[in-house]
């Protein structure tokens, strides 16, 4: 069970900003998110970067209850 | 504050930005130069609508963390810079209002100009931030978006 | 105002400079970038004294004429810049206060940064202005002086 | 008789900011100024640039009553 943080277009597609999802790795958490939020979210996820605890991460990275997986679609700040 | 007495001021909030406050804050007896960048929301649309305001959204914690990292890299590259502030507004921002303000002070002007430009370039590339265009009958995410990159790759 | 609606604001006066006023003035719906340079009097001395303030002196007419020329050349080099202000204070200026403020607005940020830096570099080289260092028991002309050059050679 | 404008250190050395001096050329006006203001002014003049009516000028340039000769010592603005 990790915390997942859904930002910008990912938040809109998922319908929530944060959530808790099962999974031993980043990849498993994200698959759980697609199951929960559906295909619109899956499209956004495809173009998003993934950070764990504020740092870029791979899908293989192990995660636990203290970890925060953030989904970052393409940014448009400033 | 670091060992040299240098200070950073990073803020992501809904409150209107006040460049003059940041400029006063950045004024130091040893600094002859203060460079300010105001990024204002402008009349342009990536979605083809008659946009009246923009709406910014982020994780304040992640965005502020990245901004602090941007300043740390700027201080490595331009060791003489003294005060550095990066403030980004979130929520709804009317056209013509500042969405981001960056202020850099330094003894001489060249490094203040270069560091300020570096900071805004890198904020745009490396800070999590999402912009919606808002018009009278609707809104949509800005199409002027790009993959976020790490500050050290920016 | 020129044919494109662009405006210059040049001023040499004894009144304190107000960067925030110039930034508001430079804000335009089509401009996403406003770059401000504040040159503040700083704690440094070319004469070896404990300077408390500086005193600037010029011919207002000659100085303002040269500043308008600086802006004209900047507009040739960066045709996209919109509002450009150059204000220089004369008379006594306490340490830490701005002596010169330059503001440039433009649709995009690169030209605003480049034009603002060009303007201050060229003002320093090509505008008639003399600075006295003032300390509690005396004053003297700054030794940080150089021959004035024409704006086109700067 | 041309107007002469003495700026910064030139003003201080001359003791006046503007004046009227005889001379058919810039060079003659400046020689008249040295006669009137003395050797301290002469030292400042040696390192100064000369403008006529706001434009750089040569010593040979002819000047009349409508012209303003400005003496500009090394500058230190901004």
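Labels for the chains are A, B, C and D, by order of writing; each one numbers its residues from 1.
In this text, contacts are C-beta pairs under 8 Å (C-beta built on N, C-alpha and C of every residue); 3 or more make two chains touch, one makes a residue touch a chain.
Small disclaimer: the values here were computed from a predicted structure and weren't measured.
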**Prompt:** Pull chain B out of the set; how do the leftover chains group by touch?
**Reply:** A | C, D
**Fill in**
Per the C-alpha means, the centres of chain B and chain D lie apart by a whole-Å value of 49
**Intercentroid distance (Cα basis), chain C paired with chain B, Å** = 24
**Request:** Mark out which residues of chain C touch at least two other chains, giving numbers and ranges.
**Result:** 39, 120
**Asked** Counting only residues that touch at least 2 other chains, which ones in chain A make the list?
**Response** none
**Asked** What are all the chain pairs that meet the touch criterion?
**Response** A-B, B-C, C-D
**Request:** Using the touch definition up top, name the residues of chain D that touch chain C in the complex.
**Result:** 5, 7-9, 11-12, 47, 49, 51, 54, 56, 70, 72-78
**Fill in**
chain C residues touching chain B in their complex are 19-20, 23, 27-44, 95-96, 98, 107, 109, 112-113, 116-117, 120
**Prompt:** Can you list the residues on chain B that touch chain A in the complex?
**Reply:** 39, 56-59, 61-63, 65, 88, 99-100, 120, 123-124, 127-131, 141-142, 144-148, 150
